[in-house]
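Each of the two complexes below includes chain A, the first together with chain B, the second together with chain C.
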Partner chain A sequence: MTATLWRYTPLLLIFVIWEAGTQTGIISKWALPTFSAVVAAWLSLMQGGELLYHAAASLMRGFAGLGLAIIVGTTLGVLMAWVKPVRLIFNPIVQLFYPMPKSALIPIMILWLGLGHASKIVLIFLGCMLPVTISAFNGARGVEPVLIWSARSLGATRGQVLREIILPAAMPEILAGIRTALALSFVLLVSSELVIAREGLGYLIGWLGDGGVYASMFAVVLTVAGLGFVADRLYLMLMKRSLAWRE
Partner chain B sequence: MTSDGGSGAAAIRVEGVSHRYLPARGKPVLALDHVSLEVREREFLALLGPSGCGKSTLLYLIGGFLPIGEGLIEVGGKRVSEPGPDRGIVFQHFALFPWKTVRENVTYGLAKQGLPRDEQTRRAQEFIDLVKLSGFEDAYPAQLSGGMKQRAALARTLAIDPAILLMDEPFGALDAQTRILMQEELLSIWQRRRKTVVFVTHDVQEAVYLAERVAVMSARPGRIKEIVDTRFSVSGPALFKSPEFVERVDHVWNLVRGEAIAAQGGAA
Partner chain C sequence: MARVAARVSDWFGAALWGVIQSGSIIVVLIGWELLARSGLFTAFLLPTLSSVLARVVEDAVSGLLFLDLSVTLYRAVLGFAIAAAAGVALGILIARIPSIHWLFDPIVSIGFPMPKVAFLPVFMLWFGVYDLSKVSMIVFNAIFPVIAATVAGTQGVDKHMIWSARSLGAKERDILREIILPAALPQILTGLQVALPTALIVAIVTEIIMGGDGLGASMIRASRYADSPGVFAGIVEIAAAGWLVIKSVEAIRRRLLVWHQETQAVSTV
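Moving on, here comes the complex of A and B:
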């Protein structure tokens, strides 16, 4: 516990410097509201219920998009690794879209799917799917043939080998790919909501910024950072538990 | 009790099998050149040869893991086209499923046979006890020593009761003491549950000690150079000191030595 506290001391230091810098006027209050003002704004946003309402909308979109990306990406990656026709069809598509900045899709998604949930969910799904697909592909390709041969000679069919051997053997890489996708989902979520939306944390940041309520805007930005951090920590815990067999 | 050399139909028939593999860069390499071999029902046969002679490749072809390009392999009178539970395999590096416990590894094949769950557990325990791994049922492979991993792999394969046991340098990754212990245990298991065993090794003494016949292979491209009868009137540890054993090891060693030198020359 104390070790954890010490680890985050630099973070605490930043908040202290922030508060001191803005209170003394070394940092202009126009550029950065005081830390205490931001905390006060955060509390009032929480009490008013706005923050929870917009956070719920964002998290719902994030989970839906990421969840779809994990299911489809893992399936596609494993199949690409072990079923040649699937690889031949999807490999060039994946190669082409992987380096593309997914935020470029925001206007297209809005054009096609409107301002609501669907455009954000599909954007997150498309953006997060590729890192998952590629990690699943690499993980599945790297499975030792002797594991597959052992399973086959123990009576497993080809389909059973895919599900029961290749998938779990590729799991360490798949889980690492999902972690990248998790971070990416926050980026896509907030940026798409910033561009255009009717609710969500990104929308709230843009709306508060446009209205000049900077302390509240910073409060929401910090909330997004905090949510991202907590999500990543929770995910790491989950990952460690499910890979306990690796020692 | 010794098995009668003349009796017994062929459990495995290898006829005119050639195999080429394609290295990442370069031309196809001929690994096996028209190999023919018969393994008798319930016999213990060792495939012996220098590294790179294709002995493991031949084993994988029998296992159905690699496509048979040229020639024919029959197991139990049926042409081999894919792997199956009639041919159990044990690999040098164990190939245990690392995300499964010892018990889960052993029950994997039993579940594929459609046994009810309590029967799976009972049978798994029987074989875990047989290989002396009692107490480690819930351990993951990463928590076991090399020798224990190989015992677990052996239990997993024996549990499904395959007619044929294919072993690919199974004790090659173990330290000397563990290796000797495992050899004796394998022999004692084999004497209790007779199976057709094809045992790949490059260790002359191991081959002569364990097997009833030793098929010596030539350096690449692999061919069967000579098949040596290695059944003895003595058994157990005393065998190592008996003159007939020493003489037979010497004979096989002379066969292999020339091939090992050829393999070295080929690699240089």
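Moving on, here comes the complex of A and C:
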């Protein structure tokens, strides 16, 4: 307990310096509202329900886009490793689009799908699919051929080989790819909502910032940062648990 | 004569293989052109590939493309360079000095997975909308993978090598230059390989949101004027920039690590 507290003392220090610096006026209140004002703004945003409303919209978009990306990406990656024609068709396309900065798709998505949910969900889906596809492809290709041959010679069907050997063996790489995609989904979500949206946390940040309500804006920025951090930690816990059998 | 024929047939074989390999890309491009011409979509939703390519050529001839490209790359590479230098230095300090480790470890472990683009309006408030805020935003995003990789790489150095060198009379600076940096280099480069595309992504996002020239700014301007060939040309140009950046990093990595066995392995990113 004390060890954890000691470990996170530097973070507490940041907040203490923040509060002291702004209260004494060393840091201008226009540049940085006091920490206590930010906390008060956060509480009132919570009570008013705005924060929950916009967070629900953002999280729904994030989960929908990322979920689709995981399903389609894993399937495509495993098929590319497993079926040669699929690899020949999709590998050049994946290689071509992988290096593209995904944020470049934001204007096209607005053009095609408007300002609502659909443009953000499709953006996150397209952006997150490629890291998942590539990790599933690499993971499934790295499986020991001996394992597959043995299973086949013992009479396993292709479906069984896929379920019992390839997926478990490729799992660490697939899960690592999904972690990259999770981080990317937050980046795409927030940036597309900052550019243009009618609801969502990114929209709320932009709207509060334009209105000069900086204490509330900082409260939402810190909320988004905290959500991203918590999502990553929860995912790491799940990942460790589902890979525990490998130890 | 026979040798020339063999070389020609080798070359022909390689070219044929290239066409087969990129076959699906060609099919997608032809499909785009046909779909756009079929009238199923308006030219606003899906301009023809030929009109988009014509726009790219037009941008290139007028010099606008190179202006935007150089502005975007300047921001991305400057931010990346600052993040690389500061990140490696900070990473080594964190790995080697306990008090610095205590101070920065929780900050890095929270900062790394956090979606840092959310701080963009804060950076606009503090640093304005010009290069200062764009480049600092890029540094803020790109520095974390560098720090994390440097810390992991430095901590992973075999302690026996450091002890042996020290017992043979090596100074701290020699140990750093001769042992720690070379041994940690593969991991540091992996961190840099994550950081450079990140820098480019963030450069584009800051340009889309704040404007002020560059590929992202031109693209969002085209989108505001409902100029869809301009938007699609922007995508093509940005994709080309991304490809250029990733391929050059891979080449540099192979160059720097010729001595390392890892170079023979297939890169996974």
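The criterion applied here is as follows: the second predicted complex is superposed on the first by the 240 of 247 C-alpha atoms of A that agree within 3 Å, B and C clash if a C-alpha of one lies under 4 Å from a C-alpha of the other, contacts with A are read in each partner's own complex, and residues count from 1 in each chain.
Simple rule for what comes next: a residue touches a chain if its C-beta (ideal position, glycine included) is under 8 Å from a C-beta of that chain, and two chains touch if they have at least 3 such contacts.
What you are looking at is a predicted structure, and each value in this text was computed from that prediction instead of being measured.
Q: What is the contact status of A:Arg246 with respect to chain B (first) and chain C (second): first, second, both, or neither?
A: After superposition on chain A, A:Arg246 lies in contact with chain B alone.
Q: Please work out whether A:Ala64 is in contact with chain B alone, chain C alone, both, or neither, and reply first, second, both or neither.
A: neither
Q: Can A:Arg152 be said to touch chain B (first), chain C (second), both, or neither?
A: A:Arg152: touches chain B, not chain C.
Q: Using the touch definition from the top, say if A:Met46 reaches chain B (first), chain C (second), both or neither.
A: neither
Q: Classify the contacts of A:Ala118 with the two partner chains as first (chain B alone), second (chain C alone), both, or neither.
A: In the superposition, A:Ala118 touches no partner, neither chain B nor chain C.
Q: Would you sort A:Glu144 into first (chain B), second (chain C), both or neither based on which partner it touches?
A: first
Q: After lining up the shared chain so the two structures overlap, which partner does A:Ile165 touch, if you call chain B first and chain C second: first, second, both or neither?
A: In the superposition, A:Ile165 touches chain B alone.
Q: Name the chain, either chain B or chain C, that contacts more residues of chain A.
A: Counted on chain A, the partner with more touching residues turns out to be C.
Q: What does chain B use to touch chain A in their complex?
A: 60, 63-65, 82-85, 87-89, 91, 93, 95, 97-100, 108-109, 112-113, 140-143, 156-157, 160, 162
Q: Okay, in this complex, where on chain C does chain A touch?
A: Those in contact with chain A are residues 20-25, 28, 44-45, 102-107, 110, 113-122, 124-126, 197, 200-201, 204-205, 208-209, 215-216, 219-220, 222-223, 228, 231-232, 234-235, 238-239, 241-243, 245-247, 268-269.
Q: With touch defined as at the start, can you tell me which chain A residues reach chain B in the complex?
A: 144-147, 149-156, 160, 164-165, 168-169, 171, 244-247
Q: For the complex, which residues does chain A have touching chain C?
A: By the definition above, chain A touches chain C via 6-11, 14, 31, 88-93, 96-108, 110-112, 134-135, 138, 183, 186-187, 189-191, 194-195, 201-202, 205-206, 209, 214, 217-218, 221, 224-229, 231-233.
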